[in-house]
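Next up, some structures in structure tokens.
Two complexes follow with subunit A in common, the first pairing it with subunit B and the second with subunit C.
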Partner chain A sequence: MKKILQISLGIVTAVGGFLEIGSVVTAVQAGASFNYQLLWAVLLGTICLIFLVEMSGRLAAVSKHTIVEATRERFGFPFFFIVMIGMTLVAFLVLVAELGGIGLSLQILTGIGFPWWAIPVSFLVWLLMWKGTFGLIENGASLLGLVTLSFVVAAVRLHPDWGSAAHGLLPTFPGARKASYWFVAVSILGASISPSLMYFYSSGAIEDEWDESYIPINRLTATLGMSLGGFLSMAVLVVAALVFHPRGIDVQKFEQASLLMTTALPKWGFTLFALSMLFACFGAALEISLAIAYFFAQGFGWNWSEDLAPSRDARFCLTYTIIILLGAVPLLFGVDPVKVTVMSMALTSATLPLAIVPFIFLMNDPIYLGKHRNGWLSNSVVLIIILLSFILAVISIPLELIGG
Partner chain B sequence: MHVVRDVLDKKLLDHEDESMGRIDGLVMQIGKSSQPRITHIAVGGATLWARVHPTLGRIARRMAGKWGPKRREKVRIPWSRVRTVGRDVTLDVEAKHAGAIDWEIWIARHIVERIPGGGHEEPDDGD
Partner chain C sequence: MRLKRFSVIAMALLAACKPPTPAKQMDSIQSWLATAELDGDAWLRHAAPDNYSRQTLELSRETLLQVSHDLLSSHPPGVDSAMLDSVLIRSRRHIGQMSRFIEAKNPPAFARQLDSLRADQKIVKRIANSIESGR
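Up next is the complex of A and B:
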């Protein structure tokens, strides 16, 4: 039973790391501009993520080392340093976006502008990490994140044309607005395949003390958790396609997106959207701040665990304290969280190879994985993802300039 | 054993399995007639950053002397104290006395413990 409950690690990783402001913004844009045509990008992102997350968990369960630790150990500090710069920059932007997402949700609920929420929200995120345990964060965020299931309810109530939705699961070439189409597709992939999500998950496996006996549970957790995340993103895209696309509304602002569910659920739609975004972004803010602190602690060999008193892993706790404090600053000055989100997704794509290439080496290393090394299927998938990551890296920045 | 593959950058654990950083560098002795051999493990920012660029190493060293625990000499642990080399490297020293976690202790005492709910680092550290 205890092992089955580990599924919450998958849910928190998915709701916090997958379905967050980035995925919602891109899914809404995709649905509003291109109807169901970009559902394939969500599906592709989800499949890649299932494999990568499963591998992150397997490496941790077998070797008791996270991806970050193994990267430093296997590739040495100079390479690790390059990954560190890329990862920190991107993760910090994502943190700003998520803290901003919480602020925007509170803004539409209360009418008080998001810059006012920057300090209280950051303080609350920090307090939960300072006082809470990993289990509390994991289970609390998973439970609250289930509010996002309301996206599915909204999608079903609008009676989508399932046939043409299924058609969207296969990639098609756009008729017009090519640059914009590919930009949104790249953003969807950038929003889904985020390295910090894998770093978080593999650290979570260590926090939850997984060993080799958890390999089947890990497979189940990765598959169900990421499928849930992908499924919810698809629901958002479908609702946006039904509500915004026929009216020709091009969603650029969070306030516009907040009307996503009012057609399907006139009474509760607005509140449910705000609460879903609030909880999803809150989970994501916790996850990304932890991922950054884990990254530094593991890379430099410091003590780290959410379950230790802060004085027992002082450098780890100081790292997330500083990061969260800094994350509030741009919001105080009124920097638009949606713009930060769009930028962070393009940058995630641009830095993806740095995080993904080490995978193929680590997952085939007998020292770390012994007989649990990757088989031909996983290796083929990683190679395809590496190829994809290089394509994304090359085209993301030019596309942002043209299509964004 | 391949020194760079199997030793460098590995996590260091003290005799109670407390983590005490990573092997940031190795000190070798090269004699005219004898085989080169590893004499010490080096831990700390100055050694580590010098591997990225010598200038970064010098900056790290200068900062280490001025800030925090103000340690001027580099932390070096004799190779003879190595107990096992596996996925991690275990030593028969105590982390606190080896100097490798000076910063951890300094930050705990000067910053973290002063924030409510920070907890307390154990008092019996003897330094």
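Up next is the complex of A and C:
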């Protein structure tokens, strides 16, 4: 009974915590500009994420190491340092985007511009980190994030042509706007396959003291939770394809995206969108801040645990305090969070090999995993998708930048 | 040899950095007109709050001003600039009026401006199609 409860809670938190500003913005842009054509990118990203999250939990449960600790131990500090620089820069950009997403949600709800929210929002995120426990951050924010299920309701109410949508699950080559098409595809992959989520997940498994008995729970939670989460992203894309695409709206601003559900759910659609973004970005901001702090603390061998009092892991707490404070700065100057989001998601794709390739080595190391090492299927699926997203990112990012 | 290769790359980059084509700018204009129309429609159906609707209309108007200025100052070939200019000025005026009617809480007057905006949208679409077919 206890295990069923754990599995249910794991799936619910995975679903509630799946969407964040990156997955929503990229899915909305994809649906608005390319109809259902980019559903395959969401599918591919979700499949890859299922494998990676399952591996992250398995590594922690079997080896009692987080990904960061094992990477540093296995590859040495100089290599780890390179990974740390790359991952921290990208994760920081994602944090700016998430804090901005909270500010933009409050802007559309109150009419007060998002730069004014930068300090109060950052303070609230910091306060929850300082006072809260890992359970509160993991479960509380994700349960609130269940409001994002309203995207599925909106998609169903718009009566999409399911045949055409299913056709979008197969990759197709675009007729026009090729650079933009591949750039959005790369951004979707970057939004789905988030290394920060893996670091957060493996640290969480250690915080929750997982052992080998958790392997089946981990597998089920990762598969069902991430699949349902991916389904949510697809629902966002479908709604955007039905509302924005026929009108020729190319979504560049959050204000445009905010109209997403007003057609399907006239009475509550606007508020549900704002609340979905508010809770989803809030949960993601907490997770990213924690992931960065975990990265530093585990990498440098400091004390770390979200459940410890700040006086017992002072450097860990100082790290997230500084990161959150710095994250507010670009927003104070009015930097557009949507632009930061799209660019950070594409950069995530470009840096994926840096995080994932060493991780795959770890997952095949008998010293860490023993008989629970990766099989050929998980190795192949993850490496092919990572390689694909890296190549697409390297080609499409310069093209998109040059083409404006 | 190295200099030649460098100059080819530099020229390719410069060519790629050229401003958006008239067709792309027309896409952007149509996108912001459609945004204002969808926003206006949502406000009339009580599906979007006053504050948000006014801000979005204002954003649409400002962006339209910027994009149409960029487009018309480049004197795009094959485009009736005078006609496009006049329809875009009219559209921006309708959007501005819609914003004011939200403040005055006057849905009937708002609806009339929204209808006029929809008529202008059709004219802009025809012009965009003519640019598209002339390419």
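Everything that follows uses one rule, which is that the second predicted complex is superposed on the first by the 374 of 404 C-alpha atoms of A that agree within 3 Å, B and C clash if a C-alpha of one lies under 4 Å from a C-alpha of the other, contacts with A are read in each partner's own complex, and residues count from 1 in each chain.
Everything that follows uses one rule, which is that a residue touches a chain if its C-beta (ideal position, glycine included) is under 8 Å from a C-beta of that chain, and two chains touch if they have at least 3 such contacts.
Nothing here was measured: the structure is a model prediction, and the numbers come from that model.
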I'd like to know which partner A:110 touches here: subunit B for first, subunit C for second, both or neither. second
Is A:259 contacted by the first partner subunit B, the second partner subunit C, both or neither? second
Between subunit B (first) and subunit C (second), which, if any, makes contact with A:303: first, second, both or neither? first
Touch check for A:64: first (subunit B), second (subunit C), both, or neither? first
Quick one: is A:3 in contact with subunit B, with subunit C, with both, or with neither? Answer first, second, both or neither. neither
Between subunit B (first) and subunit C (second), which, if any, makes contact with A:131: first, second, both or neither? first
In their shared complex, at which residues does subunit A touch subunit C? 108-111, 243, 247-250, 252-253, 255-256, 258-259, 262-263, 266-267, 269-270, 399, 402-404
Please give the residue numbers of subunit C that touch subunit A in the complex, ascending. 13, 16-17, 19-20, 27-28, 30-31, 34-35, 37-39, 42, 45-49, 51-52, 55-56, 59
Could you please specify the touching residues of subunit B with respect to subunit A in the complex? 4, 8-12, 18-22, 24, 48, 51-52, 87, 103-105, 107-108, 111-113, 115, 117-121
Sites on subunit A touched by subunit B in the complex: 63-65, 69, 72-73, 76-78, 80-81, 130-131, 300-303, 309-315, 317-318, 321, 367-368
